[in-house]
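The following blocks contain the structures, represented as structure tokens.
Next come two complexes, and both contain chain A; in the first it sits with chain B, in the second with chain C.
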Partner chain A sequence: MTPMTQNTSSKAKTPSLKMMEHLSKLSRIKLSDEEKQSFLSDLKHILVFVEKINEVDTENVQPLYSPVEAFTPTQKDVAVALNEQSMDHSKIAENAPNFQLGYFVVPRVIEE
Partner chain B sequence: MTKETGLRPENTVSELHRLSLFAIVKLLKKKELTVKELLECYLQRLEEDERQPRESRINAVVYKNKEEALKQAANAPADSLLGGAPIIIKENLHLLGYPVRCASKILSNYKATYSSTAMLRLLKNGASIFATANMDEFAMGSANENSMHGFVCNPLAKDYIPGGSSGGPAAAVAGYFTSASIGSDTGGSIRQPAACCGVIGLKPTYGRVSRYGLVAFASSFDQIGPIARRVEDIALLLEAMAGHDEADSTSAKLPVPSYSKALETPIKNLHIALPKEYLGDTVHPQIRRAFMQAVDFYEKQGAKISEVSLPNTDYALSIYYILSTAEASSNLARFDGIRYGNPSKKAENLSDLFFRSRSEGFGDEVKRRIFTGSYVLSAGYYDDYYMKALKARRVVYDKYMAILKDADLLMMPTLPYRVFKRGKDHEDPTEMYRSDVFNVAANVVGLPSMSLPCAKDSLGLPISFQFMGRPFDEALMLRAAYLYQQEHGLPVFENAK
Partner chain C sequence: MEAKNLEFEVVIGLEVHAQLNTETKLFCRCRTSFGEQANMNVCPVCLGYPGALPVLNEKALVKAALLGLALQGKVNEQSLFERKNYFYPDSPKAYQISQLQYPIVSAGVLPIHLRNKNGEDLYSKEIQIERVQLEEDAGKLMHSERSEVKQSYVDLNRCSTPLLEIVSKPDMRSAAEAVEYFKSLRRLLIYLDISDGNMQDGSMRCDVNVSLRARGQKALGTRTETKNMNTFKGIEEAIQYEIVRQRALLLSGEKVIQETMLFNSNTGKTKPMRSKEEAQDYRYFPDPDLFTVFFSKENLQSLKEAMPELPDAKFHRYKQEFLLSSYDAALMSSSKNLAGYFEHASAEALALFKEAKPAKESSAAGESSAAGESSPAGESSPAGKLQGPLLAKRVCNLISTELLSLLTEVRLEQALFPVPAEAIGSMAAMLEQGLISSKMAKEIFKALSETDKTVEEIVLERGLKLICDEAALEAIVDKVLADHAKVAADFKSGKAKAMGYLIGQAMKASKGQAEPKLLSKIIQDKLKS
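Here is the complex of A and B:
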């Protein structure tokens, strides 16, 4: 039990407004007070919706991360073009909102 | 309705749009048709659609590029599989120079800086890509109502949904704006819209088609696949895209059969299993009746039909919405408005830029899924939701594999409900999530699945059934579907004048 949830009779924990604020921060998505309430209500619905999963007996079952389990291929730590087009830096710069002297420009990071 | 054969229709220009991909390839190779006249026919139809008032505009296509398509067709290798034939792709697939907006404001200025492997393979096999199609934002939705480009109408009945998230690609095929299109399917996003629009859609086995260059939604679920009106067209496009790719380590190192050549191979001793959970009370009586008629067809063709139980069907939906949102919340973290995308103009510092760009750029459904994904992955909830769902995924996986040891194919209705009207107001987002109930299991388990129309309901809207097959055995599914098309016939929907 964490302070971000309220105790309920069901196994699912009910997220609080504080939790919604935490998720907003984790997700880097700003929410107005009204939006917080509305997304919180949606999240509650979704958690009740997926709660059914607790009925599955998963004792001694290993997690399945992907339908393809074979192996993780490794490769040398060198840049390779995955196809004839993927290494064209000038095109990448064209998409950048602010690209100068070979750098992506961002707003001030360190405050004076 | 002109039959979709290899013969050029008598009444040429006005009927060109009805040609199937297979017929187009034949005519192009015989030089009885040019890519240019076909493109002009499609583009004229699209322009006509653009002139319609919003409520009756299909709005399936969001970008056109005739010149580039003509170049691609001119560069098609001699004797290529597709001979220069024009197709449409979903707006989340990278093709150099084409916008890849994923129907999201956050990518409204983004153009592909490279091409996805699947698109490059299509070009090498002689496709020309003349347009991109509308979709639900970041492929999240089942009605194609979450899009910066506006909603898509079902060409069969304009006040009905076309399905989603590949609503644009499906509506483009059903509306005769193209013979075929390419979509992506994370939890039914090819099959559900295909079923809503009365066309055919196939989600390949996870790992069959390279995902390199498909904008990631849920990486362990996503697959690229074809949509068309004829089974042979689906076979051609899958053949053109499939196969191992070094750029996608999850793509399988397996040979790709010639699907189009395999179609006519007779099927012997076909065993089809019907999971009884997919025929429960939630299935509309008209759909059940049409579905059982399709089952009867296969029985008369000599297939063995058996009923099986998949008690985990309901869980697949929970597993899907936990894992796909978790993966999405991670995949969508890259959209910060710095290297590409649409940064907020109001940002005061770097952190503020992230917050503002994402808040302004993402739509509500995308935000909802990012929050859900962040929740199920966050400290204190990870084990109860994310880990629990991963374990349950194996339980479901094992059950499907056990049944497919014995049965060759699983068969079920694609949708338990009749196609519904646009603009439904959902108090609870899970009402829409439930519409994927019969579609998500194939993605949870990674199995190939294909939907094809088999009847019309009392309003003349399509009813479809779907197969799920063994991993990497798309060929059998295609052969079974081809048998149905040839011996029974697909329903013809009079629409799109």
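Here is the complex of A and C:
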């Protein structure tokens, strides 16, 4: 397979507090200042380890996307019987923070 | 109106999203049915419950490959699904399964034909396709009209239904080209039964990338992306507006900012989406729940062999085989159902004409081709060879003048024709044989669409047949000339206009059923003798 887009992550940025804040925002995880410091130090260590891996010459090695040597299975385009397929709304409600009148209810989001 | 851009060249690329018309979703066997009660077509997989595993829909993969073939593209034996990560309530997994580095189709081409308002050919060009990828759709959000309602409502029925994203190269140079490209792509998707192409329900929508550059400049200018348009008019207007806006910026020495726009169809203007604090950062990575996708060369080969004739091929064949004008050929090939109807009716017309011809060899053949005044073949058609085109042209005329006005797009999609194709074929044959006039054809068509009767029954019942019998016409003419002896004398003394009056009277006497060419020939002969 030849990729249509190239991964351009050969030179990773040095982790900074600003990067930690960016990551925290992207992953919707609130971090205290202390946590930011501690994760920052973890992240630096992780990157050192990854840099080590980067030293290996992979010039003629195909990228490996899964350790399983198989192609993804497919299923026929046939719907399962309605009663099996459709989830009981009471079950959905148990697993959702707010489920009313058949809808998931979330804080108002609207794009102008 | 196209904006004048003498100093700038417009560069447009489209990203089209088309919903596949599969029965089930892309990675689970929930139905894709539209218009259900909210959250009825959902399961642990498409709700993104922990531990639920996606399994690829085989049909969706086949349809993607089929489009790749139709676009003469490179259908990849191996492709890969990746996760596009973002948080938004329309996506319960917090990522969309999509394709990035290895799409199912890389490269392709779609020819488009531009015509002016009168349907005359302007030019044709090929739009290169960058890629076609499979991905899942997101759910639907509903917001109250009242801004004090601090909640939004989420329906995940559409979540994870299969989409094809078709990305063009920036090959279009005007709004008209972009709209034509979108239309051609939609036609292809419907032809191949890949998508229902229903724009109202959002089955097809597109993002438009527009930029300007100085004429002659190679490098692309800064582009904006206008999101989520689902009408031809919207696409056209949004592009026109962006061209004018960007041009004004560039002329005043300012810069175009690369940003995402939304088009407001009420104002006809685009405006930037609220700029996100964070630059888009989707952190794509291969989805560990899915392995590499494999589509074998054998599968591809059998798809290729089963490929139906595509709209563009039909368009060219209609021009060559039936000598239709570009306008007619485009119209007849515009929908799979209409094309089928047209071909069926034309074949029927030819069969009926051939069947009838031996009996009336001498009387009809010569007259008839001359009667085809609008036919491209002219009058001296060697019988047989050009009969096909002449009849097809008549069928085409009947379809465009009578049938299409009675046909809504929905009825066309469902092939609910008000009049069977055989009947159109039969009328075309009768017209060509000079048995009925086009006025009679109109009446027969109306009766056909309102009753269950056949053409023959209507013709018999209403006496809708041209009188081609020379003796019968001569009798009528003799009476008219006797009744209007003075007018006939006027003609003989040089008043040429009198002829028209006499023909009119004779036609009236025949109750409009006289074969016009034969009638005027008889009158002329009689007056000149």
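Heads up, the rule we're going with is that the second predicted complex is superposed on the first by the 75 of 112 C-alpha atoms of A that agree within 3 Å, B and C clash if a C-alpha of one lies under 4 Å from a C-alpha of the other, contacts with A are read in each partner's own complex, and residues count from 1 in each chain.
We adopt the following convention: contacts are C-beta pairs under 8 Å (C-beta built on N, C-alpha and C of every residue); 3 or more make two chains touch, one makes a residue touch a chain.
Just so it is clear, the structure is predicted and the values come from calculations on it, not from any experiment.
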Partner chain in contact with A:Val68 - chain B first, chain C second, else both or neither: both
Which of chain B and chain C A:Pro15 touches, first, second, both or neither: first
First, second, both or neither for A:Gly102, with chain B first and chain C second: second
Chain B versus chain C as contact partner of A:Asn54, first or second or both or neither: first
Touching partner for A:Leu31 - first (chain B), second (chain C), both, neither: first
Chain touching more of chain A, residue-wise (chain B, chain C): B
First (chain B), second (chain C), both or neither touched by A:Leu43: first
Touched partner set for A:Ile92, first chain B, second chain C, both or neither: both
Chain B and chain C footprints on chain A, overlapping residues: 4, 22, 26, 28, 65-66, 68, 72-73, 85-86, 92, 95, 104, 106-109, 111
Chain A contact footprint on chain C (complex, rising order): 22-24, 29-31, 37-44, 47, 49, 55-61, 76, 78-81, 85, 87-89, 100-103, 106, 131, 141-143, 149-156, 262, 273-274, 277-278, 281, 283, 286, 288, 290-294
Interfacial residue positions of chain A with respect to chain C in the complex: 1, 3-5, 7, 22, 25-26, 28, 65-66, 68, 70-80, 85-87, 89, 92, 95, 102-112
Parts of chain A lying in touch with chain B, wherever the complex brings them together: 2, 4, 13, 15, 19-20, 22-24, 26-31, 39, 42-43, 45-58, 61-68, 72-73, 82-83, 85-86, 88, 91-92, 94-98, 104, 106-109, 111
Contacting residues of chain B [partner chain A, same complex]: 96, 109-111, 113-115, 117, 120, 206-207, 212, 220, 246-247, 249-250, 252, 312, 314-315, 317-319, 321-322, 329, 333, 336-343, 347-356, 358-359, 362, 367-368, 370-372, 374-375, 378, 380-381, 384-385, 387-395, 397, 428-430, 433, 445-447, 471
